Amino acid sequence: TSTETGAEDKVLKIAIAANMQYPMDSITTVFTELTGITCEVTSNSSGMLTAQIQNGAPFDLFLSANMSYPEELIKSGFGDCISIYAYGKLALVYPIGTKYTSVEDLLLDSDIRRIAIPDERTAPYGITAEAFLRKIGIREKLTGKVVIGESVAQVNQYIETNAVNAAFTSYSYVHKFEQKHEVIQLDPTMYPEIEQGALILKSGKKNHPDESMTFIEFLSSEECRKILVHFGYNIK
Amino acid sequence: MDYAPFLVTAKLALFTTVILFVIAIPISYFLAFSRWRGKIFLESLLMLPIILPPTVLGFYYLSFLGPQSGIGAFFEEYFDLSFAFSFEGILIGSVIYCLPFMISPITSGLREIPRNTQESIRILGKSRSNALRKVYLPIIKTSLWSGIVLTFAHTIGEFGLVLMIGGKMDETNVASVAIYDEMNALNYDVASHYAVIMLIVSFILIVTLNLILRKKRSIPA
Amino acid sequence: MDYAPFLVTAKLALFTTVILFVIAIPISYFLAFSRWRGKIFLESLLMLPIILPPTVLGFYYLSFLGPQSGIGAFFEEYFDLSFAFSFEGILIGSVIYCLPFMISPITSGLREIPRNTQESIRILGKSRSNALRKVYLPIIKTSLWSGIVLTFAHTIGEFGLVLMIGGKMDETNVASVAIYDEMNALNYDVASHYAVIMLIVSFILIVTLNLILRKKRSIPA
Amino acid sequence: METKINPEKITAIYGKSGVGKSSVLRMIAGLDQPDSGLVKLGDQLWFSSEDRVNLPVSERKIGFVFQDYSLFATMTVEQNMQYASKDGIIPQSIMEMVNALGLDGLLSSFPDELSGGQNQRAAVLRSLCQEPDVLLLDEPFSALDDDSIADLVAALKMAKSRYSTAILIVSHRKDVLLSMADEVIHLKEDGLFNQGLPSELLVRRF
Amino acid sequence: METKINPEKITAIYGKSGVGKSSVLRMIAGLDQPDSGLVKLGDQLWFSSEDRVNLPVSERKIGFVFQDYSLFATMTVEQNMQYASKDGIIPQSIMEMVNALGLDGLLSSFPDELSGGQNQRAAVLRSLCQEPDVLLLDEPFSALDDDSIADLVAALKMAKSRYSTAILIVSHRKDVLLSMADEVIHLKEDGLFNQGLPSELLVRRF
């Protein structure tokens, strides 16, 4: 309620990995309602955001889809500690009405001609998807079918445009896909955890450490957890 | 649905085009008419901004002009001017990136100006800038037009560079970045809505400019 | 360090430029000389590919030509030709995207051809294609050059569209995507290494082409 | 305006500057269209506003030397001539004229390396390479000295007899026309014209 | 080649096509540079290969009517003339010549809407608008009929007396030069030349 500091000053600049774009609208809306702090959200690939932050981007917070990018930033002195606010879940999306008895059957079915997987080199969900496939032991058999997407977002676009028949993506999009596709949550014991890490940044003079802290606290609040669960994240 | 990004885009495209038009004309003049032998290198060099992927160009831009860089820090300290994460930043980035789109057609237009026109100018004792404004630019009208449209249109669509240099502050939130966000949020309807508006508005604009400039004999300068 | 992406890039840039050159000439001819009143709309329409952000263009491309789309499925079924996730796919995408870069300078060059040249052609009873090849193209050499360099250079740098349509197959792994990936993986050294190679090779190529084409009177066709 | 042009004769159009001589040639060639009237060659109808006939330029088998020569700047003199020739081969008889007109050393020059008069002679030769049925010459002597004019007239007469080309010349040079034209059409500013022998039409006004 | 050109007289350069008349004018104007030799106006040195003097074209105060006229195609006749005039205002005396030369109705026409002769007259007028010290005219009568030539000569003489402009004309028209030139330089193909009165130099060869 302190209007004297000026509206400009109270804007919290949050950099988010592209895959957080979807739930982020709801999270910031509720956050602003509760605290009066407005948010400006930038989404990009985690790698590019990291580069931006290292080059002085005036972000207050970084919400990454994994731990390696925030860890890199801590190493170079742009932050202190990462808080894990949720765990992502891996999902498999495929056309509605497809009959199958197991994930293996589905993936090996000859009607499923292309399967999109995020790039494990750049996308956290790619690492998990690849791990999952290796675990169930059919990765090699899929070689001719696999289409690598740059990010979860791109994999989603492949599904949306029907460019592929099935895709590994984040379960957080379940509500978007439900109408036109089947979405299954894959067994979380079959892949490593997808830790969603938030980092308070110390990149410039204009940072808002107090508001950032408020946001981090909000992430573990009951209201926010509800939102995160609704969007298909796990909370511990 | 937020229409502010369109205004930012319009502003960016307009400023970029105007600035580049002003910059490109003397450069192109030099490239077209100078007898300096090294100009072929300069000319080739000026084509390079589009060789790099926009994001990569943006990365280097941040390294050299960002707040952490020497130059960037200096300007921020003493002039309160920041070359990154600001409208000025994406404008400079766009100008650098679109340089080839403006320079190349204008230079080729100037190269095709007949020798006797140039000689008449010398006989009349006109200065270079006067000749350029009154004679050469009207002659190469269609080449100018080509440079303007390519620059304008490309700035509207560009987003890798803008996203990298600008982040997404209110002042750097151009329509193409907004579309990118909507696509990331799987709001394909909204994204399409934006895209269609962008296409229609641009189309109307280009047609209108076309109609104005195509009027025979119209002189732009 | 893998140099294969450079080969894919070179192939893509070369094919895109050659195909566009061939396509653009008749289109530009039509735009420059036709008396059809609607051509101003067609001309403006052909500028639109660069209005959309490449990723968005890629999205629409996949919707219309992707494997599940009517056209895409047909070609995949009957010709075993796939318009997405293949070299052919990124080639078609590049051709669509770079259309304005080739068409705009060539059209403006053709528009500046003097009327008496056109009339001499009619008197000599030459066909359009003959006149184009033997007379018009040599006259507009510098405009052709402008279109070629812009297309070539831009195809090298383009990555949003290629990333979307290509899906990171070996055959679609162009250098710009490789650089982007290395940057995303925070391997800045490798990325810079790639970028520098790309810049140097392109620079040498552009200078060489410049030197060849600048030879006075040289006739490209 | 209605007139007969005898294909066996050299006909000249004479008149003041701006009176419409070039325009008449352009209409005959089909580059411009008359508002009304006919254009006929022998019994061939080329243009008729009434019958909506308009033979395309390329089918009229016409050679045209423009007042500003209009050689292609990107081609040498020889390439210009080859381009105009059937099969790209310059007829032997025309190669001889190249020598007679003093252009032999200039075949590999580009038009902008030629003097005005050299350009003009090259343009006439290029049009002869087409072996046209009708040759239209717009002020072909304007950049030439007396000797060159004489050479050119000789060349035209030779071409005429060899290819039986009808020749129509626009010129304001009374003296030249007197010595070489078989028939003169004197265009007047009111749109009317006189037709007759050069000796009658041109001398009268001195 | 060394010669004196008397600024009070109208001097003509006469010679065969291709002999180098236009080139001489271009060197005087400074558009081309002689391999060696001098160019002087009165006691002003314009060019000297020995002393490495080369006065820029723009400082030579020269008007030049090119053999191909070279009006700016993007400007009307009037705009062309205004552009050449100081302060953009066409001098009154030249506006009178516009009428005398029959161009009054064509001021707002573009060069490609003019006939050859109209273009040529407009080009001469444009060069007069510069009020040059020396006026170089390359074949200024080539596209004109006898009446128009007479009008143009009258206009040139008037300009000469009013602005005391030295006039140097290149022409192959013996008859015209005989009637209007004060002095003739006859350029020959071997690079030599004769200088003298037109009646001596030009008539001798008839």
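Should a chain be cited, it is by its letter among A, B, C, D and E, assigned in written order, with residues numbered from 1 in that chain.
In the analysis below, a contact is a pair of C-beta atoms (placed from the backbone, for glycine too) under 8 Å apart; a residue touches a chain by one contact, two chains touch by 3 or more.
A quick note: this is a predicted structure, and the numbers were derived from the prediction, not measured.
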item	value
Between subunit D and subunit E, the fewest steps along chains that touch one another	1
Chains touching both subunit B and subunit D, listed by label	C, E
Highest C-beta pair count, chain pair	B-C
Reference subunit D; chain at largest CA-centroid distance	A
Centroid comparison with subunit C (C-alpha atoms), farthest chain	E
Intercentroid distance (Cα basis), subunit E paired with subunit C, Å	50
Subunit B-subunit E separation of Cα centroids, rounded to whole Å	45
Subunit A and subunit E, separation of their C-alpha mean positions in angstrom	80
Where subunit A and subunit B are represented by their mean Cα positions, the distance between them in whole Å	35
Set of subunit A residues in contact with two or more other chains	48, 51, 157, 160
For subunit C, residues contacting two or more additional chains	59, 139, 183
Per-residue multi-chain contacts in subunit E, two or more chains	68
Interchain pairs in contact, sorted by label	A-B, A-C, B-C, B-E, C-D, D-E
Subunit D to subunit C touching residues, read off their complex	29-31, 57-59, 61-64, 66, 68, 70, 72-75, 83-84, 110, 127, 130
Subunit E residues within the subunit D interface of the complex	15-18, 20-22, 67-68, 102, 114-118, 121, 138-139, 142-148, 172, 174-175
Complex contacts: residues of subunit C adjacent to subunit A	58-59, 62-63, 66-69, 84-85, 163-164, 167-169, 181, 183-186, 188
Subunit A - residues contacting subunit C, complex	45-48, 50-51, 69, 72, 113-114, 116, 119, 121-122, 147-150, 154, 157-158, 160-165
Complex contacts: residues of subunit B adjacent to subunit C	40-41, 43-45, 47-48, 50-56, 59-60, 100-101, 104-105, 107-109, 111-112, 139-140, 142-143, 145-146, 149-150, 153-154, 156-160, 176, 179-180, 183, 188, 191, 195, 198-199, 202-203, 206-207, 210-211, 214
